[in-house]
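Each structure below appears as structure tokens.
Both complexes below contain chain A, partnered by chain B and then by chain C.
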Partner chain A sequence: MRPEIKEYNYDWMLWRILDPASRIADGSLKELDLAYRYVPYFKGVLDPLLREGLPGRLFLKMINTYFENLHTAHAKGKKIAITTFCFSPAICYALGVVPVTLEPLTALGGLMWKRGTFDYLDYACEMGFTETSCSSQRGALGAYLAGLGEEIDFLLCDTPGVCDTNANAFAFAAAFLDKPFYQLNYPQTLGDNKTDNYHLADYKEMIRFMEDQSGKKLDLDRLRQVLDEVDKQDELISDLEDMQRLIPNPLPPMYNLFNYVGRFLFAGMPEYTRLLKSMVDKAGENASAGRSGLRSGKEKRRLFLCYIDHYSLNWNFWQWLDDHGIAHMGSILSRGFRDNVCYTEDLEGSTYSVDTSNIDTMIDSIAQMNARLPMVRSIRGPYDQPNMWLDESLVMAKVFQADCIIYNGTPGCRNTWGMVKPFAKEIEKHGYPVHIMYSDAFDDRIESWEATRERLDEFFKIRGLL
Partner chain B sequence: MITAGCDVGSLTSKAVLMKNKRIIGSYITKSRVKPEVSAREAMQGALQQAGISEDQITCCVGTGYGREKIPFVNVAVSEIACHGKGAKWLMPSVRTIIDIGGQDCKAMKIDASGKVIKFITNDKCASGTGRFLEVMARVLGINIEDLGRMSRKAKTPVILASTCTVWAQADVIKYLNSGYALEDIGAGINTAMANRIAILANTIKAEKDISMTGGVAKNEGVVTTLSKTLGQKIKVARKADPQLAGAIGAALFAEEHKTEQGGQQ
Partner chain C sequence: MDDHFNVSITRDNLVDSIKLYNKGRRLLKQLEDIRCRPEVGITGTEAFAAAVAGTVMPREEYTMHLNDLLEGLSQSKNNVADGKKRLMTIGSISDDIDLIQLIEEDTKAVVVSENLCFGVRYEGNEIDETDDPVKALAEGYLGESTCPRMYGKYKDRLAILKEAIEQAGVEGVIMQNIRFCDLHGSENSLFERDLEAIGIPCLKLEREYGPLVEKGRVRMRVDAFLERIA
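And now, the complex of A and B:
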């Protein structure tokens, strides 16, 4: 790692960019232009966000608040826990714990710096990770392993039996950092009472662990408050997804990212609710006017991403979609499987509900919500639903009327990369053109954005989509 | 006593002749298909330079990729051992050696006596090796020697796929077609190379003094970027061509071998 990178903590550097950025976001165009003169490299990062209007500004402020919370946590007597995008942070907020969700933090580095998280990715390898380990954790985690992040108090993950690469990264980190660690463990089946009971018992045990680590008892009023907020958020997400089905889709491509980053960092917190509300309002305006959310206003194609997005500098991927008139119909990251969503009719038993009547129903609600986070659902493929990824992708493509499907992930993703070719063949049989991106969503050194973009161009042209 | 070291690598073959631990002849040539032909060519060149004949050599040690195929050696010794010894001779203060060969790269730590105490080799394909730079120079249409100098002139080095040489090559072609400055592409290539090597060096916890051996040690772009990445100066050997390190180590082993044999008799 270059010595200059070690001068400041990774999460501090991100915050130092986001804090002034969120302040100038409310400025006039003249003030913005002046600011860009001093930070020309960040124009590409900030401009696309601000073009989204209020939702873009609220997104920026929300992430800034997240980093502010992280950096003031210990001073406020709060604990910090490393966790994953497969795990809902709502329980952390109920217990006053600040979550460090690794994957969005890695993505932010890739979106904001040309160098991405290269130094941290490599540092993790130098400490013992393999280069084929998942880059989504490795980027941000490398910084924390190097001591270049806020001091971590404990780790939480829920990926054993879901994603071994992810689970191993957390186990490695816990041993390396010598910190307490709790892993929720999922049984091989899904949707039966035995599994639900097992998961609930495991989740309760995790709460006890969190109480021990944080020194705070779970406050029922606080838990209810968090779940009420989750309820509002789920309602807004459901509205967004309903509108997303319209032709043209009134949601701008970046809304998909806003949605899941908010959920991974701020589920159950009012900052995320405000963001979602602004997105619903803006998308609603577009919908009433019959307008596409794309800048051009013309929707040429509708794309469903069967896994994740591509986190290259300056929001390259979303810009590319927008420039080409391609509407983003979501990815596995944006789906929550709440009982009010539009895509679960054909997916019996896949949803969860929120019931705040008493402590048991609340813990059950939050545990069930957790069991529907990305990877835990969809990619897992339990014994009783081995074709889950395929089945759910087909349902999403049908419900959201996608014209094509793209896979993007990381070579470290055993669960998807390892089976994506037969998966793609199956999807093609249903009439959807499929493109497999061989890039790494978090590391442009695997395939440069220039090469990725060219392959995307080829796919859309050759398959007659554009 | 004249001893010889012959290092047959995947890209180049090197021969060194030493007398009283001083080089009296050396030669570097491109490796041929058959290691024995490469070895013969390198040794003939070194003999010619020293002005001696083959029968004057007391002992010859072979090393490198093709060491088992060299017909005229007395003993074959591993590359890592030879590079450690050769690097120590080139720079007595060295403790960490980064050797970049044609098809692999290695980082090793040696003790004060020159004994290798820790080493690691690359776990990936050609990226991070001399072959990577050779392929890239060919795509850029420049001499490999000129590639190193490009980092100095670059303004915004490009980001390059660095896990796979073929993909990196495709990237370079795309950048060329898109009109990127040649210097920025060259610097991107050197940076990609340096970053891959840095992982190895950091894995064994590189300690001062650090030196590079192998042909890539002559690429100032890689050396400078690697120094920056590691935060430690990489010293470049001046005593002799760093590309000869393996062959020098082999010649030194030949002397030891002969001395040991003499002692036993």
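And now, the complex of A and C:
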């Protein structure tokens, strides 16, 4: 790793950028212009967020608060746990543990620096983690393996069997850092009693592990508080998804990112609720006026991403969508699967509910919610198993009236690459043009953004979409 | 399986099958013990071929041949380890007998122990013959820690390796994995770190699956490793 990169911790550097950025957001336009003179390279990062108005500013503040919590955790007597985007951090907040969710932390590096997380991605390989592993964990993980992050106390994951590549990152890190590790195991089915009971028993065991590691007993009032907040958040997400069905879609493309980054870092916390509320208000204004969320105000096409977004510098991917009049109809990351959403009628057993009546219903609610996070809900069995990835993607495309579907992931993602071609062929049979992106969502060295953009242009042109 | 293949899998069938496979496991353990001796009567290539055969042959026939092999070895005065470096091979799935042959062919080394998916690793995983057979099979396959797919058991697997290294007098470990097998690929790095720290030389070898598709490169790296431990 380059010596200058080792001078400061990765998470500290992110925080040091976001802290002033979140303050600048409150300033006047004149102050903002002046600030850009001193940080010209960050104009491309900050400007698209601020153009989103209040939701953009609240997003910045939420991420800043997250890093502040992370950096003050130990001083406040809290433990820090590495975890994954497939795992809801709500239980961490109920137990006073600060989650380090690797994938959004890797994405933030890619979005904010031209150098992305390249040095950390490579450092993880220097330490023996395979270069064929998934870059989504490897970027931020490289920093923590190098000791360039807050000290980690323990690790949690829930992807063994669903995505062994993901799970292996946590198992490797636990052995490398010699830290305690708990894995939730998921059967390949969802929604039947046997599976529900398995989830519940396994989750209870994980709570015991977390209590041991954090030195705190699960406080029922605190758990209820967190779940009440989740309940509000789910309601707001459901409102957003309802509005997303409208033509034109009143949600700006970046709302999808705001939605899932908030959920992966702050589920059950008021910061995320405030962000969602501002998004619902703004999208509601657009919807009332019959306005598209796109800057141009003109929706040309509606795109559903069957997997994840592309985290290149300056929000390039979302900007490209916006510039081309393409509405973002969500991805596997932005779907909630609460029992009040508009797309689960044809996906039997896919939803969860929140019941805070007593301790048993609360733990059951949070366990079932956790079992419906991205990947662990949709890709826990074969892609063409009923109600899994293929069925889900077709339902989403239909409900949100998508014109086309794009797959984007990472070369390390065997979980999807192993089946994406038959999956795409099946989708095409239903009349949806499909584009498979060969880039790495977290590593622009695999395919530059410029090359990725060319291929996107080509797809939309050749398939007669634009 | 009953429905799909239109067969009847009974408790007695399962118990008989578990016993038959356990017998093979015990014979493979005997083979491993023979290879641990100072004077080794069988090359690593031959032993690996015998182990891999068990993954494809009808089990009764295989067990019979394995028994014959062990009887022959018990009477053999042959020592293929004389003056050679004693190596261990570990890592991911490999049915590539030529790989072991390549390691041994220059007569400087003999593979005396292994821990590969298709090799004798399997002998450590004996299934309980007294319990309910389905439960015993589930516990055998899901409760054992011999494969890195069973997360969180790294220290157990390291202990197994250290014991095997000591028993067989291993002087170097060749860690191979098929590219894209992250489980073995990353665990091999942890083994390398921890074994080198106690003075066991290690070679990490990532390769493509197939009959020595990269023979030249692999040979060069194995030669360099043997020079290091000479």
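In this text, the second predicted complex is superposed on the first by the 460 of 466 C-alpha atoms of A that agree within 3 Å, B and C clash if a C-alpha of one lies under 4 Å from a C-alpha of the other, contacts with A are read in each partner's own complex, and residues count from 1 in each chain.
The definition used in the following text is that contacts are C-beta pairs under 8 Å (C-beta built on N, C-alpha and C of every residue); 3 or more make two chains touch, one makes a residue touch a chain.
Not measured: the values here are computed from a predicted model.
S.K.: Using the touch definition from the top, say if A:R445 reaches chain B (first), chain C (second), both or neither.
M.R.: In the superposition, A:R445 touches chain B alone.
S.K.: Examine A:Q183 and indicate which partner it touches, taking first as chain B and second as chain C; both and neither are also allowed.
M.R.: second
S.K.: Using the superposition on chain A described above, determine whether A:N387 touches chain B (first), chain C (second), both, or neither.
M.R.: neither
S.K.: Between chain B (first) and chain C (second), which, if any, makes contact with A:N168: first, second, both or neither?
M.R.: It touches chain C, and chain B stays clear.
S.K.: Touch test for A:S133: chain B only (first), chain C only (second), both, or neither?
M.R.: second
S.K.: With the two complexes superposed on chain A, say which partner A:K114 touches: chain B (first), chain C (second), both, or neither.
M.R.: first
S.K.: Touching chain B in one complex and chain C in the other: list those residues of chain A.
M.R.: Touching chain B in the first complex and chain C in the second, no residue of chain A appears in both lists.
S.K.: Report the residues of chain A in contact with chain C in the complex, numbered from low to high.
M.R.: 127-130, 132-133, 160, 164-165, 167-168, 170-172, 174-176, 181-183, 412, 414
S.K.: Can you tell me which positions in chain B touch chain A when the two form their complex?
M.R.: 123-124, 158-163, 167, 170-171, 174-175, 178, 192, 195, 198-199, 202-203, 228-229, 231
S.K.: Once bound in the complex, which stretches of chain C touch chain A?
M.R.: Contact set of chain C toward chain A: 148-149, 151-152, 154-155, 179-180, 182-183, 185-190, 192-193, 206.
S.K.: Can you list the chain A residues touching chain B in their complex?
M.R.: Chain A residues touching chain B: 1-3, 6, 114, 118, 122-123, 125-126, 131, 444-451, 454.
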